[in-house]
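What follows are several structures.
Two complexes follow with chain A in common, the first pairing it with chain B and the second with chain C.
Up next is the complex of A and B:
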């Protein structure tokens, strides 16, 4: 188990480093940072001055290592656009996104796992058909449309939930439903198919021959096997949501990381964008690592194999 | 004391195109401590019968019976809750065929063994654990206590099957149903597990239903036998009665299909049962065996034969039994015999394997060092024109790796393989295909499902641009005739054919270019006995008619004895013994060959399961033993075997790799 943990952790670290290089180099090559600070139509002399002042004239690997060293010291750089430390910016926007993401993944789990399980247990029944067609239509409906419809129905017509903003818990209900619903089709289908596979397996037949049936058979023998692939997918989905949903946050005027990213890009704020890309990627790496560990805990073949 | 009494059990399966009457009016009784063997070919309904007893059938199946009395109680109408908590898995346990997949991979052995008794509160947790350890020891698992915390993937197939048996015994059942308990295991392990089952059954006084297609197994270990055909029990009786004096023509046919080790140099043609199992859809109008039976008269097709009880307590379903019974019993040994002479004079060497080795490097994780796995270790073999050389060995011994190199599907890196004196890697791929062609084990997956039979057989001709379209069609038709496939199959897809017919297609495809050598990898192991007999006869005919040379890889010594002229035995990548069929089957020298011979379960009513002189399990190929590779399992091993690695020594045309004989000579 320890070996497995170390190996996975080491791999995750390598991935994180690679991503940091990519994030740094790409943005520095794509945009001239000095030009971005100076603004359009700026004097070339001024641009040169800024370039020298900020050290953009040095080789890119020197700049990268400097950036990385600062990163390790907790210095995330200074935003040109917001005139604030980037660390502070991200920290102030993160809680909102975190709450939205967690609530959204909760919505996904609560809808898709029971529905997928029911569909598998009653394969080809009415409920299976309904679940599958819901999945297809949910996948086809764009997020922004669903968001707008929800606002029109629940906020404007019936006035149950607030239209937009992120002040109270009630503000989060509609957006987290919209964001969570987008993951339902994938997770539900995976639950259904995984469970179908497991239910037709030889070891389930063995369990039935040992006198296990009904809910006991499902929970004690089938679920753990069926959920192994679901755990991985849920981790990826959560990673995506933690990266902030630009669309959902925009529609509901939620001031999270998605909005921050959007506005920083529009403002050409390289340090912030750079750090956000890195943070998003890191979140993904951590999520997959957690999923791997959770799977190893669930599946002895990974732990001991 | 009757333990189980089944009357008129039927199982119907609802399919998209109608109802399949998979089991029809099956009745039998079983006493306490008695073992009944149910034999039959695939699709005969033998597994469904047992699944119906355990209520394990899918929802699309309906089970009906006039009575199912188990342990003095009618269990048919028992409510599901009571059935699960008192009968299924408690008084009645089941052992399944697939040990590799029948245990839940995410739970420990201990948990899986104890969960039923804990759930039903038969024992407290410490008592259950003690019992589990006790039973694991009983089924021959070393370090039983430490196994409880292990997971299925940490055990070998044989060990897992032992765990399955121990698990089935946990609740101290009155009846054990074993469905092909050893079919997926190696022959050497098979005998051990069977012996264990019989022994435990008698010791604990359990009734047992043993379901298998293996007549050798049945003949040796059960008290009575039921023969199933097309969903019906066509004959029941004591083992001795059924095997020595069969009443039903199907039983007789089945018995004649089995390749036997007792037969010597005269190799009679195997008996076959012509035709295929009838469709089980719809209402039955006559005897279901009528279309394949040599004794069929008009009355057989008019009414369904009822179950008849004879004076000596047997039952059968044959309308003409009174007239033909004596004939069936007498004719048992008078099969038409066609003598195939042994290849006395050896022809020219067509395939020469010279000091070939193949080593794979395996990495356990990305950080560990590569470990060498020697799959084929310095193998030399010569295949002479028109002989049938069989390569025998347990799974994992390197047979298939060697065959891949012989077909040119894997590079020969050490040593060399020559076909007609030219190295195989120098032969053009197309030319090589004209020299050597394969027939693989599984006819279900080795044919392209989207190609018709005609297209499949014709493809090599198109690829090699042999003749025009018309002459190709003629060649395909001729080849189909040769292997016994009717012309109407030309435009048919593989899924419409039976296993035997598909294997004929594979043979036709291999033959169409008229190669010199045919390499068969387990050609009959996926087939039923009656079909296996047909295919073996066909291969033999083809050799005689076309002068083909065969290289056959198999683990089934019955098959080997029937068809081979020369045999090579392989163990852990090495050839340990070679010789003529007679030399190996009847005068084997190497202890490993001798053990293999002992593990063959020929028909012998009441013969019991022999003890095999073979210690331990198959060793880890990553960690080869010192000295003779076989010494850890060899009961005859002497001191020197641990230190010195024996060479393959030739005497009188046979080779043996064993220090025992080399010692004696010195």
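Up next is the complex of A and C:
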């Protein structure tokens, strides 16, 4: 298990570093950092002065390794768009995104697992068809459209939830539904298929022959095994939510990491964007790693692979 | 069906929690708080670091300047200055009011004014200060409440710059010479304006409260006690907030949305003028390619004839928008309508292009970064007269980069003159000989349009501009398109005086 852990950990670090190299190169090619600091219409003299002062005139690999060295020393750099240390910026925006992501995952679980279970238990029935259609529809609906529809219904027409902001728990209900809905299809189908496989397996047949049945059979014997892959997918989905809430945060004016990323990109703020890309990649990689470890712990066959 | 007690125990508090926190917090007349929304985020409070319009509006609430622009007549009036005297063309003596205090209670003196302007002079590479250091040579304190400004050249807009650009800061607030820290006022600001900052969460919200010791300023005492400025990037969300009563004021709303919202009866739609004008500079100087078709005056004139500007104004812009014929906004000082006018005549345009030696038309890269519908309409009009238009709709930064590299033959440009009703505010940046926006390659235009800045005599200035604008129109260096309109959406409880120059003065709002 330790060897497996080390191997997967090393791979995860490699992926995060590769993403950071790609992000660093692409950002520096797309945006002239000196121009971004000086602003549009700035004197070329000032732009050159800034380029020299910040060391943007050095080869890109030198700048990258300097950034990496500073990162390992806990120095995340300074944002010249927000006039704040990048670390401070990320820390101040992260709790909001974390709350949104966790609530979104909660929404996903609450909707998709009962729906998937029901669809499996009533395979090929009307309920199964409705559940599958819901899944396909949810996958096809873009977040921004769903967000606006939810606002029109629940905030403007019925005035149950606030339209936008992140001040109270209620502010997170609509956005977490929107963000969580996008994961429903995958988790619902996985639950359904997993449960169908398990329900047709030998040990379930044996359990039934011993007199087990109903809810007890479902919860104690079937679900426990059927949900193993679901748990690991949810971990990956959480990683996606943490880094992929840009549109939802913009629609609901939530001041989290997604909006920080969007504004920083528009402001050409390379230090912040660079660090956010790294943090998002790292989060995703860590969540995937956790999912792999969880699977390996639960299924010893995977450790040998 | 019987619901277990444990379920009720769990669900009831949850429902209560959701409902109690879900009750919307209304912006309202009742608690004397006006909530407004900006699409752009407010990242710092210090206008001395920026030039963006939202920051001007915010700064007008929390800062003060030596002079004030009258919103009706556009006259420059004393503000923090009690009086002023032009000792000669290049020397201005200013006497300060003695009853003005900063939000921390300290009194405004000549030290503060001297410090502010000295900081601007020394921080001369800062983009927002560029205009001022172009004309300001020095400042000196001549008494406890008197200062003297010495100008580098005779500059007629000196008082205007003092009124619009330089917000007075407390002595030593940024540190001392050589050790300036420009970020000291970014998150908490000690200003002089009618409102003081109560709290600021960058990118999210600014809360302001009326400053009760505010002096008797030309802005007047504000009627509303609190103003909350929220950043809401999505326009649809802004509308929803307005419809639910959580927001009282929106601006820069697209015409169709503003009309639809106004017709719901849940918001008031107001239309007003804007100093912003739209235009197309044409590469007469051949900067994007020697001997390109636009270097021929007949081709440039044909392009103006080809564009249905009235149709664009009526069908796409609406409101108070109007077609312009000169390279300025009609209400600006020095702007004249006594210039060559080109009526919409596509047949004539087609013939002129053929006569100019292009029987099969010619290819043209036409750049734009905003007003996509209008840009497409223009491209379509040009295509109809035989020009093979390649519409390059891009981000402003990409357009600026290409323009700096001298790769743009024609682009859809707009300019709001920073809310200044004077041709100088549009002339300098577009007609300086070293400006990459100046595609004319004609030094005579520069001489006339910038020559007006060398005299303080209004009649002489007008004459310079008249000749300059006539030359621009005659040679068709620009396609003047239209003056923009401004659409506002407000709550039905709010009285918002529509600004003549398109720059909202939020301190003048009040409740019905």
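Definition applied: the second predicted complex is superposed on the first by the 271 of 305 C-alpha atoms of A that agree within 3 Å, B and C clash if a C-alpha of one lies under 4 Å from a C-alpha of the other, contacts with A are read in each partner's own complex, and residues count from 1 in each chain.
Keep in mind that, in the parts below, a contact is a pair of C-beta atoms (placed from the backbone, for glycine too) under 8 Å apart; a residue touches a chain by one contact, two chains touch by 3 or more.
From a predicted model like this one, the values you see are computed outputs, not experimental measurements.
Peer 1: Taking the superposition on A as described, I'd like to know which of chain B and chain C A:192 touches: first, second, both or neither.
Peer 2: A:192 sits against neither chain B nor chain C.
Peer 1: Regarding the shared-chain residue A:170, is it in contact with chain B (first), chain C (second), both, or neither?
Peer 2: A:170: touches chain C, not chain B.
Peer 1: In the superposed arrangement, does chain B or chain C reach more residues of chain A?
Peer 2: After superposing on chain A, more of chain A is contacted by C.
Peer 1: Applying the touch criterion given at the start, work out whether A:225 contacts chain B, chain C, both or neither, answering first, second, both or neither.
Peer 2: Once the two structures are laid over each other on A, A:225 reaches chain B alone.
Peer 1: Should A:51 be classified as contacting the first partner (chain B), the second (chain C), both, or neither?
Peer 2: It touches nothing on chain B or chain C.
Peer 1: Does chain B (first) or chain C (second) touch A:211, or do both, or does neither?
Peer 2: Touch partner of A:211: chain B, not chain C.
Peer 1: Can you give me the overlap between the chain B contact set and the chain C contact set on chain A?
Peer 2: The overlap between the chain B and chain C interfaces on chain A is empty, containing no residue.
Peer 1: Which residues of chain B touch chain A in their complex?
Peer 2: Residues of chain B touching chain A: 54, 56, 80, 84-85, 88-90, 93-94, 96, 98, 101-108, 115-116, 119-120, 151, 153-154, 164, 167, 365-367.
Peer 1: What residues on chain A touch chain B, complex-wise?
Peer 2: Residues of chain A touching chain B: 3, 7, 201-203, 205-213, 216, 220-221, 224-225, 298-301, 304-305.
Peer 1: In the complex of these two chains, what residues of chain C are touching chain A?
Peer 2: Touching chain A: residues 17-19, 21-22, 24-25, 41, 43-44, 125, 127, 130, 183, 186, 201-204, 230-234, 236-237, 240-241, 243-244, 246, 396-397, 400 of chain C.
Peer 1: State the interface residues of chain A toward chain C in the complex, per the touch definition above.
Peer 2: Spelled out, the residues of chain A in touch with chain C are 38-43, 45-46, 49, 81-84, 148, 151-152, 155-156, 159-165, 168-171, 173, 250-253, 255, 259-260, 262-263, 268.
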